[in-house]
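Two complexes, one shared chain (subunit A), two partners (subunit B, subunit C).
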Partner chain A sequence: MKVEHDHRGQMAAMSMPALVFTIGMIAFPFLYTIWMSFQSYSSTGQVTGWGGENYLRMVADGEFWNGIWITFYLYVLSLVMQLVLGTSLALLLFRAKRLPGIVRSLFISPFMMPPVVAGMMWLVILDPSLGAANWILTSLGLPPSAWLASPVLVVPTLALIDTWQWTPYVALIVLGGLQSLPPSVYEAAEIDGASRRAVFWRITLPLLLPTLVTAMVLRSVDLLRFFDLIYITTQGGPSNHSMTLNIYGFRTGFEFFQLGYAGALMVTLSVLVLGAVMAFNRLRNAVEW
Partner chain B sequence: MATKPSDSRWLDCINVILLVLAGVIVMTPTAWMVLSSFKPSHEVTAYPPTLIFAPTVENYVTLSEQTPFLSYAVNSLIVTVGSTLFGLLFGAPAAFVASWTRITWPAVVALMARMAPGTLFLLPWYVMFRQVDMIGSYWALILTHAVITLPIVIWVLLPYFDNIPRSIFEAAQVDGCSPFRIFRRIALPLVASGLAVSAILAFVFSWNFFLFSLVLSNSQTKTLIAASFNFIGEGSTNWGGLMAAATIIALPPLLLAAIVQRWLISGLTLGAVKG
Partner chain C sequence: MDITRKGIACLMAAAVTGLATAAAAQEFDWKAHSGETVTFLANSNPLGQLLIDHADEFKELTGINLVIDSYQEQQMRQRLMTVMNARSDEVDVFMTLPSREGMQFAAAGWYADLTPYIQNNVSPDYNADGLGKALLEAATFDGKLTGVPLNIEGPLLYYRTDIFEECGVEVPSSLEGLSDTAAKLKECTDATPFASRGLAAAAPYTFSGFMHNMGGQYMVDGKSAMCSREAKQALSLYSDLLKNYGPPGVVNYSFQQLTALYRAGRSAMSFQSSNEFGAVMEGGDRMDDTAIVPLPEGPGGSHPTVIGWGLAISAHSANPDAAWYFLQWASSPEMQAKLALEGIAPPREAIAESAEYKAWLDESPVRKQWHEALAELAETGTSEIGYPIIANPESRQHVGQAIGDLLLGTVSVDEACATADAALNELIARD
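Right after this comes the complex of A and B.
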């Protein structure tokens, strides 16, 4: 049938550009990186062999394990802060009922600005000698802090900046979840005389779990690949105390030009991200109602 | 235990106070950045910091005179607008077909591109673009940034196309409309607001994206965001200039985001949450 043939042809033609682009710019490079990660290179960049050398080197590399640890530390710290604060903020917004556009704009401003800009502005605020943050601390009679320059505090400080940026995002997601909860449940709870606390812990929170898991997935994907803010503020320093796996992989590839090894690091990071997403998906299926 | 009305009014009051507090915490750092950018240069690094000062645009003037700020801004616009158009041109028809035929690869690929670390792609791109001598070209930047914009366009538009009643398409088909015509004359006008949201989100994320232009641009094609690095180098002596640069870079995404704030969350969560 000619018409049917024409129909299929046009449908294919409409999706073809995106398909070609996807193969050329996403799928092929993805496979290329995996292939690269199994190649060994000489110091001049010539391919010298094929095998698992990069992965063997990785397992024995202290910097790699440091990267895993820093990535995980930054991830857990940021995620917990953002979920707790974000849910609290969502409950406040939900109770306020009406949310004027200007207030919404205010709350989305941190996460719509480039992370690089957030980094620039916090660098100035957190400057150890002249920054406003230390001025506030000393005015309150507290000792000043080195913030991003401190080996101990650099990860918590980065987590704090990211939390400032992304808590409103988590809050707006959770707010969406709150607004979609069936009111009938609350009416029933009220008739039964449930206390405010019981309503939150026994009804709101369990019903909200799928939304919270969604927020966790979306934040996990970004947090495990945490890059811009670190690169603009500390580049992994002081020494390697904020060298996440992503930063380490980038510097290996584009400062030391060890493409094969950088490829192995990035493949590993991708597997970690994928693993996290899959784990959360199972969790979501478990809490779905 | 039923709550008394007076009790509830108290809670409302505390609620508003806490919300104002949250708003202040969210706003203060940004306000500080903007404020610092209008301070005279000798006052930006004053300690203790000053709140009252005679505002000046001195930092902005110095920035435009001493750095190629304007050409960075033009580069940013070329790359951002280029990649946004690219994303729309390739993404909108693909999203339409995906919605109609229920094929899933566009959504899956878009999700993968969203999940993978940028460096994973940057390594092979660097090798590929070096082979064809395209490092530092606008095309390399536009194509790589399209990897950001295309998935956004597909994810934002899919639910819009899904919401169109299929009977409209089927009726048009019976009348002899080709799929291409249905897309252009019927589907696209119906998802006009979705197109606007996806264009703005694609613009914002392309504008904000740091990693690709960091490696793939040269001194002629450097974007504002990649040039931030230079400003920080100079910023150790010139905070006023640094804050002026940061303010200008943040301005386009913040203005655009304010326009689509209502549809933003559903777009940003890949449709998982209706905002």
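Right after this comes the complex of A and C.
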């Protein structure tokens, strides 16, 4: 009995660092943000009141709803492109087993690049006056584009840059899933004379669903709190056409000192991210095989 | 405007400074804080970068260990805000722009009071009175000196003399003449006729000159005046110039894009910061085909924008005495003379008269024009960019938003100014 007691004590002691870290680095900041979101601050950062005023202001704030719309527009567009292209790339890498290592490394290199560097690089490439992208378009006789300066194209352009960077990451996850699929199912399909298209739609894709949902969860968390790339390239512009909720909250808090309102925006964003993760977890349980 | 209100307090401070300096100077020891550490939060603009480049000279002179924390302007403020809200002593010295954040930071109690330092603890050759009077006034809040000036700067019109000559046009003598000049250039050259800032957060810096020269003011009788006749004319002129004659994507333009475009020879007129002079002339391609003038005067006269970066000591610094040594070194006549030779306009008038600086100016006509334009800014300029309220940074965003929407063509001038006025009156009330 004593040995078991000692063992429990050791287990508790060993888990203490993780517990302290979780409370200190995750629970405390989140609870502090919730507390801040119920306070009103002056332009100099002094507390001037307490209550649900920030949340009432948020509901009536057009920029908040614009932020919600941009956040989800960017999220859905990026996620769909990354899943389709990531799965395609994974299938290519899975079939081309003799692909040289250097080529494989090149395929997956973009997501190893820091987002700030990627943002700066694309900012230069997409500059409407001096960038390479418009030079290529005009060399081909096509009209130049405003890219990140266009209110219509800014979100699709950001989604394309994010897709360029993160598709390889999705591809690696899907490739892992493909490599773990049971060969016996494919052998049976071959004996039954199933076409390649039928094998993909009726065997590979259904079996890959749990892996795809995992990739969706991981990308969803990142995409809903999309920040660094927008901050580097557009800062929410032109006008407010790429102002996601995260960028809006950051600007409100760190540039305009409205800490309470920024807290309310961030709590709302956190609830949305949490909701998406929970929904995908349910979906994953439903497609588990 | 804002500067004038503080004049008396500052002049008194300067007079006391003069008397006290002589006594204190005799006992001054640059090595008094040798071995101590000062943390400097820097903006990585040309000015901040030059201070960093010369940091070893400070260490050698004082024996103080200087820790440098350098970021781009916005990130620097965000870092500062985090540190100051936590009342942390992580930062001892920071760069600050009194015209933008001075009222806000002073009201929040972030600045240490430098008045006793500049009165009682300066080296014999410091000459506190030699610092620009207007800039000292701009850094004085409630009678307390909150920073020492490092430079003067403002937006200037850089233009290509070769293109103007080729197209047979003259630099316009009036604000409204800019449109005609740009139209003629558009007919004659592939270069962008007129470029200026379009990014919402950055545009008020260049737009303010248009506003004031047109005869407008941001705030009249405590209310936002973006829909006044003059302000609407300024909005219309500025946005039309950029929409019709500006570079593609100008709505995202800040100083980096303007400099890159002009330096590459792709713009005929560029209205941008005097501080970018060094970057624009880098490589020497534009040295011989560029001329520089202040923004032409408008119906309201000539009221160019002039501001200056300063150095401040954090109110939470654990080592303000050593930090003051860094401020004093950076704003000393010797250091500012060095910065002037690298394209940073000095706030000390005496430096402009020095033989070395004059020789540097004489090396190129464009340097002389840059200096003369800045001298005019210093004499006639105003530091009002955005609203003279504590929430000045946020007020700039609303002004910039109106400009951005006009550049995108999504609203009319009446709609843009009405939206801005509504938001700004709410902000003024909250302030």
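One rule holds in what follows: the second predicted complex is superposed on the first by the 258 of 289 C-alpha atoms of A that agree within 3 Å, B and C clash if a C-alpha of one lies under 4 Å from a C-alpha of the other, contacts with A are read in each partner's own complex, and residues count from 1 in each chain.
Definition applied: contacts are C-beta pairs under 8 Å (C-beta built on N, C-alpha and C of every residue); 3 or more make two chains touch, one makes a residue touch a chain.
What you are looking at is a predicted structure, and each value in this text was computed from that prediction instead of being measured.
Asker: Report clash or fit for the pair subunit B and subunit C bound to subunit A in the combined superposed model.
Answerer: Clash: subunit B and subunit C overlap once superposed on subunit A.
Asker: When the two structures are laid over each other on chain A, which of subunit B and subunit C touches more residues of subunit A?
Answerer: B
Asker: Of the two partner chains, subunit B (first) and subunit C (second), which one does A:S109 touch, if any: first, second, both, or neither?
Answerer: So A:S109 only meets subunit B here.
Asker: Touch test for A:F254: subunit B only (first), subunit C only (second), both, or neither?
Answerer: both
Asker: Give one of first, second, both or neither to describe whether A:L130 is in contact with subunit B, with subunit C, with both, or with none.
Answerer: Both subunit B and subunit C are touched by A:L130.
Asker: Looking at the overlay, does A:V271 come into contact with subunit B only (first), subunit C only (second), both, or neither?
Answerer: Neither partner.
Asker: Between subunit B (first) and subunit C (second), which, if any, makes contact with A:A286: first, second, both or neither?
Answerer: neither
Asker: With the two structures laid over each other on chain A, which partner does A:W147 touch: subunit B (first), subunit C (second), both, or neither?
Answerer: Second partner only.
Asker: A:T234 in the overlay: touching subunit B, subunit C, both, or neither? Say first, second, both or neither.
Answerer: The answer is second: A:T234 touches subunit C but not subunit B.
Asker: Identify the partner contact of A:V47: answer first if only subunit B is touched, second if only subunit C is, both if each is, neither if none is.
Answerer: neither
Asker: Which residues would you name on subunit A as touching subunit B in one complex and subunit C in the other?
Answerer: Residues 129-130, 254, 259 of subunit A touch both subunit B and subunit C.
Asker: In the complex, go through subunit A and note every residue touching subunit C.
Answerer: 43-46, 127-130, 134, 144, 146-151, 234-235, 237-240, 251, 254-257, 259
Asker: Within their complex, state which residues of subunit B touch subunit A.
Answerer: 1-3, 11-12, 15-16, 18-19, 22-23, 25-27, 29-30, 32-33, 36, 45, 47-49, 89-91, 93-94, 96-98, 100-101, 103, 105-106, 109, 112-128, 143-144, 146-147, 150, 154, 173, 178-180, 183, 204, 207-208, 210-211, 214-215, 225, 228-229, 231-232, 235, 239, 242-243, 245-246, 249-250, 253-254, 257-258, 261-262, 264-266, 268-270, 272-275
Asker: Quick check on the complex: what are the subunit A residues that touch subunit B?
Answerer: Listed in rising order, the residues of subunit A that touch subunit B are 6-7, 10-11, 13-15, 17-19, 21-22, 25-30, 32-33, 36, 89, 92-93, 95-96, 101, 103-110, 112-118, 120-125, 129-130, 132, 135, 139, 164, 168-169, 172-173, 176-177, 180, 190, 193, 195-196, 211, 214, 218, 221, 225, 227-228, 231-232, 246, 249-250, 253-254, 259, 262-263, 266-267, 269-270, 273-274, 277.
Asker: So in the complex, the part of subunit C that touches subunit A is made up of which residues?
Answerer: 74, 77-78, 81-82, 85, 104, 107-109, 192, 199-201, 247-252, 257, 260-261, 264, 266, 389-391, 393-394, 397, 401, 404-405, 407-408, 410, 430-431
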